[in-house]
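Note that chain A is present in both complexes that follow, paired respectively with chain B and with chain C.
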Partner chain A sequence: MMPFDFIDHYLNTASSLSGDAVARRDAVQAALKDGLPTSKHENWRYTNLKALKSNAFALTSVADQNEMVIEDGLKDVSARLVFINGHYSPEQSQFFDERAKASIRISDEYSSALAVPDKTDVITGMNAGLMQAGAVINVAENCVIDLPISIQHISEGADYGAQFIRHTITLSEGASASVIEAFTGNDKTYWTNAITNIKLCDGAQLDHVRLSEEGVNAVHTSKAFVLMDAKAKYHALTLSLGGETTRFESHVRIQGEGAVATIDGAALASLGTSHDALTHIDHTVPNAHSDQVFRTIASKRGRTSFQGKVTVAQNAQKTLADQSFRALLLDRTGEANAKPELEILADDVKCSHGATVGELDENALFYMQSRGIDPDTARQILVEAFTGDALARLSEGALKDMLVAKTQNWMRTHLTSEAI
Partner chain B sequence: MLNITDLHVNVGDSQIINGLNLRIKAGETHAIMGPNGAGKSTLASTLAGRTTFDVTSGSVDFEGQNLLEMEAHERVAAGLFLGFQYPVEIPGVSNLNFMRTAMNSIRKQLGKSELSAGEFLKEVRTVAAKLDMDFDMLKRFVNVGFSGGEKKRNEMVQMAMLNPKLAILDETDSGLDIDALRIVSDGINAQRRDDTAILMITHYQRLLDYVKPDFVHVLSAGQIVKSGGPELARELEEKGYAAVA
Partner chain C sequence: MAGTTEAKQQIDEATREYKYGFVTDIESDMAPIGLSEDVIRFISAKKQEPEWLLKWRLKAYRQWLKMDEPNWAKLHYPPVDYDETYFFAAPKSGDKPKSLDEVDPELLETYKKLGIPLEEQKVLAGVEGARKVAVDAVFDSVSVATTFREELKKAGVVFMSISQAVQEYPEMVQKYMASVVPVRDNYFAALNCAVFTDGTFVYIPKGVRCPMELSTYFRINAENTGQFERTLIIADEGSYVSYLEGCTAPMRDENQLHAAVVELVVMDNAEIKYSTVQNWYPGDKDGKGGIYNFVTKRGICKGKNSKISWTQVETGSAVTWKYPSCVLAGENSVGEFYSVAVTNNYQQADTGTKMIHMGKNSRSTIISKGISAGKSQNTYRGLVKVLPSADGVRNFTQCDSLLVSDTSGAHTVPYIEIKNPTAQIEHEATTSKISEDQMFYCRARGLEEEEAVAMIVNGFCKDVMQHLPMEFAVEAQKLLGISLEGSVG
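Let's turn to the complex of A and B:
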């Protein structure tokens, strides 16, 4: 007996999808045998998935796109891939760069392959079984795609839609690319379950941004699995601005010396929303470097959490691994939780972690006000400076400008005194 | 310009300012001296609009307006400036950005158009050069990693940019080396005009040698207990507070 009725529904849905129907069904069945994770699961302490237990959830279907205008806020991109309700939209997608075009195809085939194993996780297993579509990006050796590949995910369905998206990005030796995945949607109750599988070969470089501007009733769970070879560089930024619940996971395994992983994130929580980040950086070889900077803001019953795990294998000498989490609570109803976890088996390593939860600096606010700056603006400037730490590593350019503008816009709508 | 009458200020349950009277006219320079903990900074912060200080009675008139009814940023637009005894560090916010935002906020309150980036930069460069402040320091985060003296000099750059009617300078001289003291004093003197006034809080005669006050007051236990001319400062320096006040 399945613990929840809704699982039957997911099982039936799985067999209707393209590819190996039996494998899909088995994947969902295996994933759901114990039901959805609850706060008792260590990795799910801070994320509440109760909303997903409704029987009404069904796979999203293709949307009517006649009236749709897709705006990603980026003027220059190498490609714009548009997924609507989990389905690829060739009409809305565009390629501007031959190298990008040659590197990208779209797939809806079943695949359970993961760059880094995550066998026990229900959300991951469901994605394998129920995946509707995704991009497969293969960048050839030494190929450099300068402009971002923009992947837009838009949810315009009815209530209780669930979309399962699965992208695969492989950068061959010396290749370099930048990918932004943006998620937006209407105010219906829906679930976005997204996985991005990433393999970076020797010397490859990827900038990877995930942006959640999901609708106010949405649950967003997305996971990046990243496998890094020697001297590969992976820079990740997750920016969590939307959704009722947004949860970004990053699972990075470093298997080549000299690799550098910088995993940053900012989350802005207000009006009872919940924004969680979970990372696991696994150093399996010597001489690699990882660094994480997470900044979160919580006001008006908003909740943020950061669970950051770093494992360093016995032979992974000379590992450098740093982690910094800071949260600002803008009022007494905001909440922030941090759970750093270091498992270090090597003896010659430099690892650090810091976690602080604080309030806006009253002295700084008064100082600004005593120079003529009104309190709302002063508050916004301080909050922006605070979250700016997490965006600092992103290279200057239109993409960063767009993300900064989005955080500013969030602050304008949520942090003025009328809003508070 | 400023008229303080029977001012009482509490912090929590304790009364810090205790029936204080002070009148400052345009064109005048006043100095307040007094022992540690007397309430000098409390007075300055109260005038600047810090809400942690609770005015329990008394009145403050600034240029014909009831100062106590204005918010801190409105007081700045009305022409009041406080140079902090302990300037605050603001990580992540550049000095230039901070000052430009401040100037434009004030202009907005006064119904004026924003300064262009060019106009602002030209002005700030001129002011910084006069105060011997390296332009690179203006690009750094506000006061972060500044030495004590550099912070005070940064206060003076801000004062010159905002060009206030009344500048209240809380121990702007402490922490300055001899050369910096001269530069800062020149900055204060440049701010002395017929239509402006200065209120300096200091512990040292040295500053008063460079910026000659018209009046010197002794603040003790939340009240002005004695007032006089520049000679009062010398007397205090020689004999100490206990003997004079």
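Let's turn to the complex of A and C:
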């Protein structure tokens, strides 16, 4: 059980926020009544929330922005929204596209609504009660925003800061957009708790990238809840490069026929970091398709985990659901866990999952070295090809180039022979 | 689709009509209803057990009281009322019979109905070099007859009921009992430790290849009697044994509890092959009655090059909770798990395996085939774990599910936990129904629909069925309602 002051601490925090203080307190109270999840909780088997248990995380004020340079690596975006320590920064944010500007507003109102229910989860409940700010993106019918909407989250506070972010994205019929959420921060111990609610109406299309480059002591828990109508297309990519503990969750419910959900992810872990991905794709109607590709790398003292669940309801005939998880272990102290789960109640379906764990192919390394490629480069080429599978589905362009560059950069820092 | 209907019928036939449903009228010598320290003392006294075993049972009972029934499996059943269960029922007989002639004729009649080869050698018609099968028949918790004792004795193989082993080989029992499945391992294992009534003890000495396949037929008989079997098999260096376990039970309305514990210990270069065909009463069409089967099976590959191979065909029981596992501690040790689970009507099965790799270059193979029909739920749950010390581990897992009705469920819950980079782990799973292409192809070749389905389902299970010993393969195929294994390419 959680010490009493733990709950009290977050109750007080909830009271200090804008909006319905009673509802906020109730949300926190309800969320924390059984304490934080431990490894005994099935969904939290591979995630260690020790840091959250032993410290009282507090909201921090807006950092001094005078010296701050926001660099998201993207030249062309339709809008750049910047959140610092959980607060929206109008000074740093920019709009380049009228359609984007018309579609976006910022809200700090209390809301516990979720696109897909997740009642029992503590982290979700805390987010509802403690949510500071978030973007509300409503894209009108048949409106196409070509360039990505970039949402930058920066944590620049002192030790034990926390930020609670809650975005809502709604794409009306036939609308199309691309959103990247990026998270960065300093070396302090802080906690990012982010939720993105997504509703895709008939035929809407969303590319959704979440990128964690959190600081080395950060805890990052973020969840996307996605509700899909007929013929909607949702492509998600989560990329974990930073943070001490990073956990990306994707909860997708398909409620319209002909919808296609592709959920991909890559996680690169080393030096005491732990990267988790949890997905749940819920097929509730016939003739929908989901596919998942996850690739993870665990180098020195790195740990990666993947829990992927697909449920197919009794009437969801002709469902196609595939899932592929592969992990590379590059060091004796690395660890990879996987729990690919299928729960199927319809009979006329094709569902599969594959999972592998192994090390780099010695033969391939040897072959490349025999062609004059030095061992570090050879290893990087192989690892890059391996993680490339997860990025392959993202449409070509500046966003993809930027993400590939970031993975390459990670490999250069972590996978040279000195680092391993 | 028509093929689906046919397949459904076949599975219906295999599991619906429970032809082994009858009750033998033998007066039971029962312990008082419910569970208490007194009941445990009663069981222990009844079996004239040594003091250490009584103490061990009581300790386990106190442990069990502190534990909670597991609820993580995908199983739903009314809670078991342990106060309304009889924990001991022995067929009424004075001294143990000296030969088959002294066995209660009614018992022998029961076995005859079941087709158990208790009489002399049972030779499968037309099979070359038919093997002898030794049977240690367990009838409501007490062994009543054992055959082939002499021949096994010649080979030095010890094959007896565990209560007898407690008297004759107390050191060995004390040393190995609960060494693989600790008392506090889980709720049902602890319960078994407290109240186990009988079971089988096997010891294969160094370098001995057991001259015949050993077989124990379990049978649940008296009303409201939980069965708590305990099996302990030890294969010493360089030995080999194949052990068969098959089960039938009479038709009942009330749920019957079964919580067995099976422990295997394998030394250097030894091998145990453990095969199970389980067709206990699954309950009727409306899900009423049926056996609750909560089994803990685990083996440890202690020595170098040791091997454990589990093969199971699960068609019975209302609720199955069973994970035959291998602890691969020895270098180059091998663990195998081959499983076919068929569920129909309201049956629920949550079964799978655990492969714990501790030894260098240990290897494991998991092949699981689930077939769900009716309103049943069929879950594969498995763990492959590689510890940091285990270099060069290799695992291959394949679990396939075949759905034969749109009201049944097929679930796959594998856990993969790897802490050594030299491990090579592969897991794949598929879920589908019989494909129309396959059906069309078979029909185009002139096969009747029924034959086509039989062939396809047969092929679906073949990877597992071919690991069964011949004696069992026949029964297993009968149980699946598909008779073509072996004769169809």
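One rule holds in what follows: the second predicted complex is superposed on the first by the 414 of 420 C-alpha atoms of A that agree within 3 Å, B and C clash if a C-alpha of one lies under 4 Å from a C-alpha of the other, contacts with A are read in each partner's own complex, and residues count from 1 in each chain.
The rule is short, and it goes like this: contacts are C-beta pairs under 8 Å (C-beta built on N, C-alpha and C of every residue); 3 or more make two chains touch, one makes a residue touch a chain.
None of the values given here were measured: they were computed from a predicted structure.
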| item | value |
| --- | --- |
| Overlay on chain A: chain C relative to chain B, clash or fit | fit |
| Touching partner for A:L114 - first (chain B), second (chain C), both, neither | neither |
| Which superposed partner A:Q369 touches (first chain B, second chain C, both, neither) | first |
| Which superposed partner A:T377 touches (first chain B, second chain C, both, neither) | first |
| Touched partner set for A:I165, first chain B, second chain C, both or neither | neither |
| Chain B versus chain C, judged by how many residues of chain A each one touches | C |
| Chain B versus chain C as contact partner of A:F386, first or second or both or neither | first |
| After superposition on chain A, the shortest CA separation from chain B to chain C (Å) | 15 |
| Shared chain A surface residues [contacts with chain B and with chain C] | none |
| Touching residues on chain A, where the partner in the complex is chain B | 361-364, 366-375, 377, 381-382, 384-386, 388-389 |
| Residues of chain A that touch chain C when the two form their complex | 42, 314, 317, 327, 329-359 |
| Chain B residues within the chain A interface of the complex | 48-50, 52, 71-73, 76-77, 82, 84, 87-93, 98-99, 101-103, 105-106, 109, 158, 162 |
| List of chain C residues in touch with chain A within their complex | 4, 72, 388, 401, 403-433 |
